[in-house]
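Same chain, two partners: chain A is paired with chain B first, then with chain C.
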Partner chain A sequence: MSNPTAAATASATGATCWSCGARTAGPAPFCTACGAVQPPGQVDHFARLGLERLFEVDMTQLDRRYFDLQRQLHPDRFARRTAREKALSQQQAAALNEAYETLRNPLRRARYLARSLGVDLPDEGRTIDDPELLMEAMERREALVEAATPAQVEQLANDAAGERNDVLQSLSALFAATDKAAIRAAILRLAYLDKFTEEARARRFSMVRAEP
Partner chain B sequence: MTLLEIHEPGTTPLPHAGEDTLAIGIDLGTTNSVVAVAREGRAEALRDDHGTSLVPSVVYYGADGKTDVGGAALAHLTGEPHRVVSSIKRLMGRGAADVAAIAGVRAYAVEPGTGETDMVRLRIGGRALTPVEISADILRALRVRAEAALGRAIGKAVVTVPAYFDDAARTATRDAARLAGLEVLRLVNEPTAAALAYGLDKDVEGIYAVYDLGGGTFDFSLLRLEKGVFQVLATGGDSALGGDDFDRALVEHALASMAARGASHVLKPDEAKTALMAGRRAKEALTAAARAELVLDLGGQPTTFAIDRTAFETLIAPPVDRTIGICARVLSDAAIEPSDVRGVVLVGGSTRVPLVRERVGRLFGKPPLADIDPDEVVALGAALQAEALTVGSDTLLLDVTPLSLGIETMGGIVEKVIPRNTPIPVSLAQEFTTYQDGQGAMVLHVVQGEREMAADCRSLARFELQGIPPMAAGAARIRVTFTVDADGLLTVAAQEKTTGVTQRVEVKPTYGISEDDMARMLYDSLEHAQQDMEGRLLIEARVEAERLLLALDAALAADGDLLTSAERSELEGDMGRLRTAIAGTDRDAITAAAQALEERSKVFAERRMDRGVRSALSGLSLDQLESKVG
Partner chain C sequence: MSYSDKLIDHYENPRNIGSLDKGADDVGTGLVGAPACGDVMKLQIKVSPEGLIEDAKFKTFGCGSAIASSSLVTEWVKGKTLDEAGTIKNTDIARHLALPPVKIHCSVLAEDAIKAAIADYRAKAGKKVAGAEGPKTGEVPAAAE
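Up next, the complex of A and B:
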């Protein structure tokens, strides 16, 4: 599924439309001959949304493609069709949601691309295995625990946000150069910064709630 | 229809014009319900002869088998209160175990259900009725009202449910509609419906918020509207926060001022009920007027308190600020600034309170949208969606899962398969493995909630995957797939990948918890995140350690002869120390003992590996080798 040639394979094999029996051209969601909705198949997330396979994604374009496709494929559009078409639209919409959720989040997008390059990544949400990063994470977390005012928490969150931006910038170049070791390190760093941002948010929220 | 219409592939088909193209929208509320219809994109609430759209969600079951709904049922409250049921929505999809905890129904004898469902029954006027049947009576009355107003038979509806309604409650709502002779075209979340009511008649784009403050619950949702697509971004709330708190604050204030004058009075239970009603009347008066009177009947003595709006606003500031705090968290969940929000839709009668409007306006830097009646807005949105699904329209709702869905793994830890706020429909899979050598079956426990431990989440279903071929621990690959459809209903399937053994279940919860508890769990999770994480790490350490012990036991049984008796007793000493540590709750002690054991067993592992290599070299077949090492 994460194989970059998956889309090409699907189209090369082709398929037969379940409704009219015509050969379908490839991973298109609808049969070109009779217009019936087709099974989603194994299609690369970028290909499913009609995007170039790059780490940098234009969010506006991503949203536009997603909405356009959901408008055609969402089960509500099939409320009065046959049970089979309803089921297929459900599968299509779910596959589309999975692709969209993967691509719109930079960390998930980076992991998806990295896995297809064969980069060995620890499972999502698992421990950091780089001692230096671990040390940094612990120090930062300590600072968060010691922060006494929402403004201090805000400052820590802003610092992390700035570093996160830098990591995102660097990832574009690293993917372009297929530097696997550096990609791996950058992804671990991004995961940790995302997690810290979440913790800072929770901390700020609890401070706001605790105020009289 | 005289002309044939030809459609682009995949576009919404227009049904033939006729009887069944008219579907209604229903807001089935805890306190009040509303039915509405939309034609050509214009929605209107259907009213009775007095021009009232609200139908109290109250049912009366008479001795003669007669059933009254709404205002007519309320009229029986004084004479035959035991034959009148209210707030039945709180029991939708609940099991017998939950009912004791839910206020308002204790007056009725409750019986656990029989047969495959564990649905409770209320004994009312000699009849044993399920919440589904009682809700069906309300829905039937709404259908009759619609049929009278529209002059034709109605068979289809869009029904709204709270964003926090779980699987069981959604299924129960669907069943109730079917009993009432209504096919549910779609269950729509209440905040989404409210936004829909505002979105369609105006050409809007951007991010909108829905602030829904009812009598006892608060919900806040962020939605993005773009070219007729409604995308839910994030949702949150508090199921124990609402306008009733304002009434209570007024009464408590009055009693406190009496106590300050040395005339303290403790309310008896029946006095409390009427006092809260008086509080509500004063609150409602203060919406329009700058001052009002609160009349409390204390010990048979009517006592009048004067209160002005400023004092009232001081009293209710804490609960109102809590709603603002929740708004801030949902905004931050979605990484959206208040200034990014183009408009705030108000839902629920409590949003009529001026302070609420002022605080909401201040947070978002703009006055909230209030030109649609906050009591009717949800039903109007449902009606628009009903029209969209029957006649067809360009509007599309992209909703999300309100709560995370997961599987209980070793040690009671929840592995989330679908996180909350994931767009639906969704189908996500995760692989799990066996814990013990030769494990032939696996119990899959499906849970819903945000907490780390399964015991703190809501249990949705349990099923067993059998027929796993005998394999070493960790070798089996069991792929568990969660599928949530556009109505928010879950199906779970499990498959052992090497053999293809498959089990599939429709998740039909067999018991439940109250809606309040469910929402509370979500909010508790924020506060317990830290504590949960500690518990999780401890259990993970134990599971890891036990896995190591199991592996060593197996290895000693197979290749124990590779060790001298001194080496063996040292190793067994370390194993004993690890077992002692596991029995305790000190995670660091477990980790340290496990590390020591791992270190100690290295030599043993190396020798076993050597033996394996030698065996292979000496011409043993792979099968024989595995049976030795295995």
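Up next, the complex of A and C:
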């Protein structure tokens, strides 16, 4: 494993440092022995941010870890380093951003965890015919179209936000119990609630803007 | 990304927006969704006693391509038999509207919606036929003589 090419392509976890040859410990972006920046590797998003692999995430902790790592990977710190270190730090920063964006958004986080459990989620281009969920989504969207004042829109948005909270609560328990069918159903519901929230915001914005 | 004139026309002047009576025996309803983008589409057909689609309505909450795809399908199916309507492919819709590659999934939604509406109508009609032809024990159907 002293071959530098192998080390550069291997997973960061337990790989050998390309610079000093030491076994680098864990998913840290830097070698624990010599401090050289390592290739990002295929590290789990939670591990990359030093978080437990749970649906429930402490947002303050997530932000703190992210900004701390982002500072360590800032391009200014690599301005006078070798081209290789510059390139690796950029790859690390991109992987860090991807992990952070995924974990910060509950829907993306849920999808990420669900996929790793082997839950069958419909990707782009796949359709579903769950009548109860779709009827509910349809009625909600119709109500939004019929809402005449910003206050009515806000009421609908609040109802959706309340339901969304319930879904997020239930997801924590469902992931703990690895209930795949219920996880799938909850994620689909969350996707529609998120979409509705986005549409309600746009509708409210256009109403407020249209006011004289 | 530029959209075709046909697509813009269907989006700006959608045909057959509305609802038919979901509970009516001669109406089939297809309700489908694409959870990846949060779209939801309802497509309904009214079938004549001769088995022709005499009316079609849709309601779609989604992007312009999804609205145009469902509008086009309602226009296409009118006057067709259920079998003919069932042969509509998403590729036909995508080609007619010149959908850009990232919007092909909208045409898939429309194809699935018409298929679901046909299936719903057939399930209703099948139930009705089964109910009419399924004699209760001890009953002798008069027509059997």
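We take it that the second predicted complex is superposed on the first by the 192 of 212 C-alpha atoms of A that agree within 3 Å, B and C clash if a C-alpha of one lies under 4 Å from a C-alpha of the other, contacts with A are read in each partner's own complex, and residues count from 1 in each chain.
The criterion applied here is as follows: contacts are C-beta pairs under 8 Å (C-beta built on N, C-alpha and C of every residue); 3 or more make two chains touch, one makes a residue touch a chain.
Because the structure is predicted, anything quoted here is derived from the model rather than measured.
When both complexes are overlaid on chain A, the residue A:Lys195 reaches chain C alone and has no touch with chain B.
In the superposed pair of complexes, A:Ala79 makes contact with chain B only, with no contact to chain C.
Ranked by how many residues of chain A each touches, chain B and chain C are led by B.
Once chain A of one complex is fitted onto chain A of the other, the partner contacts of A:Ala94 are limited to chain B, with no touch recorded for chain C. Of the two partner chains, neither chain B nor chain C is touched by A:Asp159.
Using the contact criterion defined above for the overlaid structures, shared-chain residue A:Asp179 touches neither chain B nor chain C, since it reaches no partner. In the superposition on chain A, A:Pro122 makes contact with chain C only, while chain B stays out of contact range. Shared contact residues of chain A, touching chain B in one structure and chain C in the other, are absent. Chain contact summary for the complex, chain A toward chain B: residues 29-31, 34-37, 63, 67, 70-77, 79-81, 90-91, 93-95, 97-98, 100-101, 201-202, 204-206, 208-209. Of all the residues in chain C, the ones that touch chain A in their complex are 30-38, 40, 42, 59, 61, 104-105, 108-109, 112, 116. Within the complex, the chain A residues that touch chain C are 122-131, 133-135, 137-138, 141-142, 187-188, 191-192, 194-196, 198-199.
Residues 8-13, 15, 185-186, 226-229, 231, 322, 325, 328-329, 332-333, 388-390, 394, 396-398, 422-428, 483, 485-486, 526-527, 529 of chain B touch chain A in their complex.
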